[in-house]
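Chain lettering (A, B, C, D, E and F) follows the sequence in which the chains are written, and residue indices restart at 1 in each chain.
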Amino acid sequence: MKQTLTHFDAAGHAHMVDIADKAVTHRVAVARGSIRMKPETLALVKRGSAKKGDVIGIARIAAIQGAKRTADLIPLCHPIPITRVAVELEIDEAASTVHCTATVECDGKTGVEMEALTAVQVGLLTVYDMCKAADRGMVIEQVRLLEKHGGKSGSFVAA
Amino acid sequence: MKQTLTHFDAAGHAHMVDIADKAVTHRVAVARGSIRMKPETLALVKRGSAKKGDVIGIARIAAIQGAKRTADLIPLCHPIPITRVAVELEIDEAASTVHCTATVECDGKTGVEMEALTAVQVGLLTVYDMCKAADRGMVIEQVRLLEKHGGKSGSFVAA
Amino acid sequence: MKQTLTHFDAAGHAHMVDIADKAVTHRVAVARGSIRMKPETLALVKRGSAKKGDVIGIARIAAIQGAKRTADLIPLCHPIPITRVAVELEIDEAASTVHCTATVECDGKTGVEMEALTAVQVGLLTVYDMCKAADRGMVIEQVRLLEKHGGKSGSFVAA
Amino acid sequence: MKQTLTHFDAAGHAHMVDIADKAVTHRVAVARGSIRMKPETLALVKRGSAKKGDVIGIARIAAIQGAKRTADLIPLCHPIPITRVAVELEIDEAASTVHCTATVECDGKTGVEMEALTAVQVGLLTVYDMCKAADRGMVIEQVRLLEKHGGKSGSFVAA
Amino acid sequence: MKQTLTHFDAAGHAHMVDIADKAVTHRVAVARGSIRMKPETLALVKRGSAKKGDVIGIARIAAIQGAKRTADLIPLCHPIPITRVAVELEIDEAASTVHCTATVECDGKTGVEMEALTAVQVGLLTVYDMCKAADRGMVIEQVRLLEKHGGKSGSFVAA
Amino acid sequence: MKQTLTHFDAAGHAHMVDIADKAVTHRVAVARGSIRMKPETLALVKRGSAKKGDVIGIARIAAIQGAKRTADLIPLCHPIPITRVAVELEIDEAASTVHCTATVECDGKTGVEMEALTAVQVGLLTVYDMCKAADRGMVIEQVRLLEKHGGKSGSFVAA
């Protein structure tokens, strides 16, 4: 593990890290998170997805757009030429939960982990927004990077 | 509990809900979430906060700015005249976690729950971004509304 | 008809018009436009709306979000506290066209005509984007204000 | 003609299409549209362009800036490194119309059709905004792609 | 003079100050700044303003739009319902300088000083951008608040 | 010195200049500016930087984010893939001034002078915002390009 945080220079000042000398490689990141809700709320989401009032479809669009806003939201992120965003939302009745998984890819000098995580967060927030009149006690949980590939630091796969 | 989702009309089409007839009242929302990391990573965050490389201070600024971007990110949110945003981040060594709590207030026709939740999410994502070179296995968890007050639906306090 | 354009001062310089002394009233604007395409393309749109690949649903979300970006896009528009956005898209097989109608409301000092028109334009552009691999010859046409109400200039209803 | 819409995967879920394997080529798109108004309104526009109150000049700037906002507005568009935007507006007295033509270029993996169309739409909306106090009955019409070049699908020239 | 900075709470943490209890009053702010350049560069600006290549007109539009982006750019600024923006640019041959003065007004709970200053800065940066191929040594100087009125702290007029 | 402004075409119409044929080279720009304030105000800034209420740290973050917004703010700027942003703020007690220096780098077809200048302006505006309750007479001055390297026009170093 690195003993310092790369987003700070030797004087401890925040900077956007210099990536000019890094190679342009193909990079992929997959992130995932969940929102847990009452079974009755999940039933409303499920009903909508099947017929009308499509919570899942709207959250997917918001997540894709969220990936594109990452450098606006996260102060030290580089703007990145994203080449692909795919977002899946699954209804898990056993856990009374909606899971959101985002895959982001680019050909660039730095990775797309933050883009994938931001997509997941915006997707889950959008589910919260659309269901909150029915259930304010929903909890977003287990948002994490599942895997990333490409770049000098190589691959990461969550345990 | 409402049996339908208000963000859809009778035909099941998404809309930005009509709030014209709602009263302008003072509204407050408090949201909270956490990011769990290795103890060694938390030590880096803590060291920075005390001396230099201020992860906590930067995450706080990103969270405050994130609250202002809510209507840009969440498709069906109304633009809201925020009157206050306060964000606290606490280092919890026992849980090897940073907690983020955001309080947002407005005088308006609809609540600021989404603004508070978005602030928390952007704050935690910013911590992730600044620590990710040291630890890609961090997990964002327990993001939820703690309480909200004001408006016709009255107060909500998490159990 | 006014003999001058209000967006310019006496010297001919553009400005954002002073609305401080205008009354806060409830204002509504409805705009509409269409995109004409090949019957085969329309069939793809229609198939998706019924089952999967929901062009109409995505265009609706983009239109709602577009209304919120109006003051960012149109240089002399005031930022406006929108209270409602509703967007309908209809498939018109006789005309081989998709029609988009947006209704925007606010309680404010200036009208929401531009917000309604911008919603329509972004909705139609989104249909274009999603269908363009199949049909680059689509034409957006007849984008216009249908009606507006509220404010000192009173109501307008298109002939 | 393709029998499916590429913006949806096999399950019918929207995604931002993978362009990583597409070649970086020089790409050009030209779009055009018009706004029809009363002859008296057109006279105001014309007078301003010649002397002061420059509707045409402001619409051109708004259109150029609009091209840069395309990926923000259209949910499934990729962010694109635009290398050129040129926008012409012509006053057509015979048709009592202002025509807007936008040319956008990039060196990238996907085309700039949407950027050119968005530029045209924002340019025409800006004309509408500046003339609406004089004439709310203006109609935006015939917004379409004139031509595009570059990329695997080759050239398109409107009939 | 206040002995503390209001943008920090008792613990020294940045926050967006609570303005809920402040009165809604009419507020005005006027800011001004200048960009000094070589006489030959100023001649190019002047020529364009008179005939074509309108640097001054474009900088004015950019400044007006910049005022609307203030809360996006300045971390602790509140979003504000601007009711008027007017921007003047004057060519001062004696000083080989372009002066930019912005007046911003609102009816709100906090002032518009930052909006006026941001408008000036964006206007001057736009002049720089358009003239930089001819003159990279231009200097932006004397950007300051000229006056502000309204609100509890009353009027300020620069010495 | 060029005798024309490149941001206008032969007809005098503004355009985003065609950079497709320019080489991708490494480019660096350094800009600098200052904000002068009362010694008592500077003392507040200094106290905060040392202990709490970190004006300098927040201005640095705002400046870095500002660099990323350049193409949104300046109408004819190209979107640029920034590879590094570093911002220094120094307290100069002799001059009762805070100096802000921004360095921006990219590998691209056009330079990053505007990004460096925008970072400086947003950083200085943020200092103004945080200190304005104590001192409305602060003056931003001497904002200029210090040096730039890379690209066909070669290096520039301020006299």
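By definition in this document, contacts are C-beta pairs under 8 Å (C-beta built on N, C-alpha and C of every residue); 3 or more make two chains touch, one makes a residue touch a chain.
If you want to know which protein each chain is, UniProt gives these names: A, B, C, D, E, F = Cyclic pyranopterin monophosphate synthase.
None of the values given here were measured: they were computed from a predicted structure.
S.K.: Just to be sure I understand the contacts, which chains border both subunit D and subunit B?
M.R.: Touches both subunit B and subunit D: A, C, E, F.
S.K.: Pick the pair from E-F, D-F or A-C whose contact list overlaps the A-F contact list by over half.
M.R.: Within E-F, D-F or A-C, the interface duplicating A-F belongs to D-F.
S.K.: Find the chain most remote from subunit C, comparing centres computed as mean CA coordinates.
M.R.: F
S.K.: If you average the CA atoms of subunit A and of subunit B, how many Å lie between those two points?
M.R.: Once rounded, the distance between the two centres reads 15 Å.
S.K.: List the centre-to-centre spacing of subunit D and subunit E in whole Å, with centres computed as mean CA coordinates.
M.R.: Chain centres of subunit D and subunit E, defined by C-alpha means, are spaced 31 Å apart.
S.K.: Would you give the residues of subunit C that are in contact with at least 2 other chains, written as numbers and ranges?
M.R.: 13-14, 54, 57-58, 61-62, 65, 69, 72, 75-76, 79, 81
S.K.: Among all the chains shown, which pairs meet the touch rule set out at the top?
M.R.: Result of the pairwise touch check is A-B, A-C, A-D, A-F, B-C, B-E, B-F, C-D, C-E, D-E, D-F, E-F.
S.K.: Going by the contact rule set out above, which residues of subunit A touch subunit B in the complex?
M.R.: 1-8, 11-14, 33, 38, 40-41, 44-45, 48, 51-55, 58, 61-62, 65-66, 69, 72-77, 113-114, 117-118, 121-122, 125-126, 128-145, 148, 153, 156, 158-159
S.K.: In the complex formed with subunit A, which residues of subunit F make contact?
M.R.: Residue list for subunit F touching subunit A: 26, 57, 60-61, 64-65, 67-69, 79, 81-88, 105-107.
S.K.: For subunit C, which residues count as touching subunit E in their complex?
M.R.: Of all residues in subunit C, those touching subunit E are 9, 13-20, 71-72, 75-76, 78-79, 81, 109.
S.K.: Residues of subunit D touching subunit E in their complex?
M.R.: 54, 57-58, 61-62, 65
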